[in-house]
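Take a look at the structures below.
In what follows, chain A forms one complex with chain B and a second complex with chain C.
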Partner chain A sequence: MSTIKLTKAQRKNRIKLNLWCWSFVSMTLIFYILFQGYPIIRSIYYSLFNWSGMTSNMTYVGLDNYKTLLADNLFWGAFKNSFRYMVMVVPLEVVISLFFAYLLNDEKLRGRTAYRIMLFMPVVVTASIVGIVMVFIWSSTGIVNNTLVGLGAIPKAINWLGNKKYAMQTVVIVSVWKDMGTYMIYWLAALQGVPADVIEAANVDGATRVQTFFRVVVPIILPTAGIIVILCTINSLKAFDLIQTLTGGGPFYATDVIATFVYRTAFTSEMGLPRFGYASAAATLFGFVVIIIGAVLNTVKGKLQQQ
Partner chain B sequence: MKTTRFLLSLMLVLTLCASCITIAAADEPIVLRVTDWSDSTLVYREQFHKEFMEKNPDIKIEYTQLTIDQFNSTVVGAIQNGDGPDLFPVPTTLNLASVVNEGWYLDMEQYVSPEFVASFLDGALVEGVHRKNGVLYTLPEAGSLSNSMLFYNKDILAECGLEVPTTFEEFREACRVITEKGAGNYYGLIEGGKQANRCEALLRALAQSAGAKLSISARALTVDGRAPYDSEGMKLAAELLQGIVEDGSLYPDTASITAPEARELFAQGKAAFLCQGLWCIGTWANDHPELNYGVMTVPKGAENGYVATVEPGLWMGIYANTKYPEACARYLEALYSADEYHYQADVVKSGSYVSVIKGINEENMVDPIMKEYYDAAMTCIDIPVVTSRDAKFYDFYGVVVGSTPSLASIAQGILSQAIDEPMDYLSMLADAETAAWKTACSTLGLDFAELEFTNWVAGQAYTAEDYAALN
Partner chain C sequence: MTVAKNIGKKKHFAFKPFMLLAHAILLICSLIWIYPIVWTIISSFKPQANFFKEQLNLLPSMMTLDNYIRVWSKANFTIYFTNSVIVTICTVALVLIMTNMAGYVLGRYKFFGRGFLMALFLSSICIPLVSTLIPVYQIVKSMGLMGTRLGLILSGAGGAHVIFLLLFSSYYSTVPNELEEAAKLDGCGFLGTYISVMVPLSSPITTTVVIMESLWTWNAFQLPLILTLNNPASRTLAVGLYAFKGENVVDWTGICAGGAIAMVPIIIVFIAFQKFFINGMAGAVKG
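Moving on to the complex of A and B:
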């Protein structure tokens, strides 16, 4: 194997360049280690203890918390709900945001900036505020029920968030509405990367807008689609704030996802002390599952890109 | 020589600087950090702080009010790291034994006067709750009254031509009639169903009213060697709630509203009945003075039904790491003062709560509805608790692992119609809790049989001597 010999000046330059790069990265790295890496490692450590998080009394229990988790129906219920939520949210979020992005990418559309701002607005509103407002909107006397009853779509008002049958779907709708703007921005960035001459060529060839979209645009933006799907999947599996404010995981665990399970277990208890160690084990176990899913999706994306 | 002169000059300068700093520090008031979650008395507390700082110019109060969740997730860490507030309450998830073991609080009687301790009502400072091995660590915020009383809207009852219901059957029927007459404008019952603890309080109160031998919330008590969550009384209570829900007599959004929201909607005349505590009275007096309502104990479900008192609450203590324990003691003496300061009188007058200080309630309970509440609460009876006969059981609550779905979640499930067969869940809970309590007892070397009071007759009022004689 041949190696390229660098002159002293080149080596010096390279070191200088590397130092510059590291200096830019270092702040992010330090913050990542402090506020992400360290808590993750501590969480894994705590998961090996029977600890309330409130007192100094920690008992090492090895993998007992994990063993107990495997037999905990509520944990598995929350686990399933997390995936149910993901399965419902991701396709809706990806498709609807792409639809609006494609619509608002049209340069001929008047007031498209205003529409973009309107659709992006929910993203910047705090999730807890959205939660509080949505509780009113979806209540039995709220606008949704008034409209549906008025139109004759339902015979009487439904408590959408308080009914086991509809709570998860309602949370999904609110979540899609709230986060769609973020993914729309990603799609817009991807769509703006589609060469205009390719679109023009398709138009000259007589392709309709739908045909142009599926035959020309989609293949070009597919690599970005992979990233969007991965981000959306991971974000949906980490969902917490909106669910906590909308339903708190209820009614009777119908919308309980892993994050609400972990929060409830770590900070509350009806008898005895909270179970911080146990909650850490749940978070760690689920974290590994999310990492595996992320890795699998990344591999699939890589293969698709190669093709 | 030069060096010696330089060193001497330096020492002189440093001494002067240090003196200036000391003089400045001596002039600055002591900053006393107080943190709690007493939101219902905030107005009176702020008035008190103003008055206290005027009378004690050497002390500055830095008061922080948090929610219980915020307190548990932020202040507890600071306390553990030795940087907690000078005065703070015991977190709701801990008991006195745990915090004393952690060394969080000072022996209060080292700093407060004996007259101050003597000013508390008899029985207000309880061994195991406020004292451990005779040492006083914390004080109660207020007198303990049942927090599961039934408020009723007199105007709605009159409009529907109904009397106050006294039995389960009458209560369900009243809720049904009210809902029918209300035609969507008002309903029979409302509850803060988003808060599982309120759902549990309602179910527990109804079960006790149906004669169930049941402990107070978050405490263990067995009947025939078992956690008694699937008793006949509990079944009657669950069936009543299910019936009210099936009749459509429960306010439709109950499952997704909090207790304060339910309280507000009740005041707006959206429902005829609400099961909550004394804190409603002060809020309604301020926000809805026109509300025409009454208060009573929950209806009776059985002849031997009863309404239980609540466990005396533990609240504020002096932080072990405080630099100013004497100032903390002055603050507490002022806060609980019967004459020099008005805080205790103000909160009683406002209907926020009843005081634990002698003479305050008699002089200041002027609100008739508060008197009604107080009288109703005085009919409540004590439930035997294992810690009163064996203080070692305080450690039990630091070890026991609560089972899920809990009683609170099951109660919430009933109100939201999320579960069809509550008795199945209650039986599962009874089995799981029995096993958990046995495990906790065996871990600590306690006798599981002690959790049972074999000669306790539910619904019978006992004297203190009667309780002591229970076995």
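Moving on to the complex of A and C:
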């Protein structure tokens, strides 16, 4: 009799605890569903309509928006640029940030906090403002051209952001500069996990710094490296702020990525009437590609870790 | 004895040139890294007329506050600044409360559906903002909050905030059970234990979350841009300067002053609290 009572009380406690727990997560859950979960599903729904977004006049068109997209050169241009940007940003970002992190990881290095603050500084300043200011710095009378001409590296000033040939590379350089600090901190966290005595042992065995790095340090930080590469890849595909303020996708769509394509199609009248339905189709298609890439990278990382 | 001496000597000689090289590289790169920021702040004090002549000078021949006076009084920057401050404070408070509570139960209790919720929240990392932008715009519009600060605050607090959830849950999972038992003996219920014992304990993580979320909200651009398209009065600094640039292409020193107004507060906050910020980011990748 008493045992049954106890389990009843236990069960009651259990239910009470579950209710408390769910009420504690409810706020996060509501904000997540309202502004991220539901919108991604809603976006699929919108993509099936011909709709300007300005009126409530929505016409169901099935997959027509997707068919139009697949034949739209501007969409494919933006799609390709998103990946071109990713392919350039990720290796540069990962390698440069690892380089700085490795230099800064030395506890005997004086002034490492000051270096770290300076190298991290661009991360904290507003991306949209950096983009606007960088237009000056990379302009034909700006410091970059002046320095390069002064050093004799280029014969005359180049309009870096206004030239179709250089615009994308310039955007990549600015964005690597801007976000490097983030990945540097991630690498520093990873390097902190390398035991000092292991490195000491390698030194005693006569290994050079380069040998120690590749043979001892790299294998230990590899698991975190996987996370860093995934984060960097996903973040590079999300890029908008810097590109919009640096070039707005120009010149002649040379730096147009999906984020700027969707913004222009849905919220400006540059291309005629705003097209919510069409832009939603582009956003949905791209969203799926990003999610698939994230999932694939995660699986690859899991497989590599098992080995 | 001699062997040990030799090793010590060899290390000593091998270290010095490396250190010197490391310092040279770090010093040059650090200066390049902060140059654009320093340049913006200095240019904001240059007289408008001297800008082109002295564009490259880091030490201007004349300093003036004209640019600040111009953007503050004429270009709505008073409003933008106020909006940025209000939106940031409210969003941070909202995000802090919800992630602290959610992180607490996710880290401490094995409740029904916990694994599912964790997976659901984690999956949000991959969702690009661009894919939810149009529906979020519609949701804010249907709430009647288009072009309002409340609209910016609610949508800005949206999402799962995975990093913060992980930080709080891993922190709370390490709090010893004895503290909780003691609070229970004192007659504290679930809520009482949380508020009187757990919340005060979480202050290191709270500081990290407040600083990180402040920077992110202050710097947010994509969402505030589309939510204030038709209402300049609710723009934040990040969006306001972009609009200002569109309308005043030639006022470069004014743009620099506007940029400095947006940059300097967060740089100060960052330098003052950089340890918390960096620990928070590092913790996110470890967790």
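Simple rule for what comes next: the second predicted complex is superposed on the first by the 276 of 307 C-alpha atoms of A that agree within 3 Å, B and C clash if a C-alpha of one lies under 4 Å from a C-alpha of the other, contacts with A are read in each partner's own complex, and residues count from 1 in each chain.
What we mean here is this: a contact is a pair of C-beta atoms (placed from the backbone, for glycine too) under 8 Å apart; a residue touches a chain by one contact, two chains touch by 3 or more.
Computed from a prediction, not measured in an experiment: that's the story for all the values here.
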item: Room on chain A for both chain B and chain C (clash or fit); value: clash
item: Contacts of A:57 with chain B and chain C, given as first, second, both or neither; value: first
item: Touched chain A residues, chain B compared with chain C; value: C
item: Which of chain B and chain C A:151 touches, first, second, both or neither; value: neither
item: First (chain B), second (chain C), both or neither touched by A:253; value: first
item: First, second, both or neither for A:291, with chain B first and chain C second; value: second
item: First, second, both or neither for A:104, with chain B first and chain C second; value: second
item: Touching partner for A:210 - first (chain B), second (chain C), both, neither; value: neither
item: Which superposed partner A:70 touches (first chain B, second chain C, both, neither); value: neither
item: Which of chain B and chain C A:241 touches, first, second, both or neither; value: second
item: Touched partner set for A:188, first chain B, second chain C, both or neither; value: second
item: Part of chain C, among the options 60-68, 114-122 or 222-230, whose backbone runs into chain B after overlay; value: 222-230
item: Interface residues of chain A shared between complexes with chain B and chain C; value: 53, 141, 267
item: Footprint of chain B on chain A - complex, ascending; value: 52-57, 72, 74, 135, 138-141, 157, 159, 161-164, 247-248, 250-254, 267-275
item: Interfacial residue positions of chain A with respect to chain C in the complex; value: 16-18, 20-22, 24-25, 27-29, 31-32, 34-40, 42-43, 46, 53, 100, 103-104, 106, 108-111, 113-122, 124-130, 132-134, 136-137, 141-143, 146, 177, 180, 182, 185-186, 188-190, 192, 203-204, 209, 224, 227-228, 231, 234, 237-238, 240-241, 244-245, 258-259, 262-263, 266-267, 276, 279-280, 283-284, 286-287, 290-291, 294-295
item: List of chain B residues in touch with chain A within their complex; value: 69, 72-73, 76, 80, 91, 93-94, 98, 101-102, 193-194, 196-197, 200, 217-220, 252-257, 397-402, 404-409, 412-413, 416-419, 433, 440
item: Contact footprint of chain A on chain C as seen in their complex; value: 7, 11, 15, 18-19, 22-23, 25-27, 29-31, 33-37, 39-40, 43, 52, 55-56, 97-99, 101-102, 104-106, 109, 111-114, 117, 120-121, 124-139, 154-155, 157-161, 165, 190-191, 194, 215, 218-219, 221-222, 225-226, 229, 237-239, 241-242, 245, 252, 255-256, 258-259, 262-263, 266-267, 270-271, 274, 277-278, 281-283, 285-286
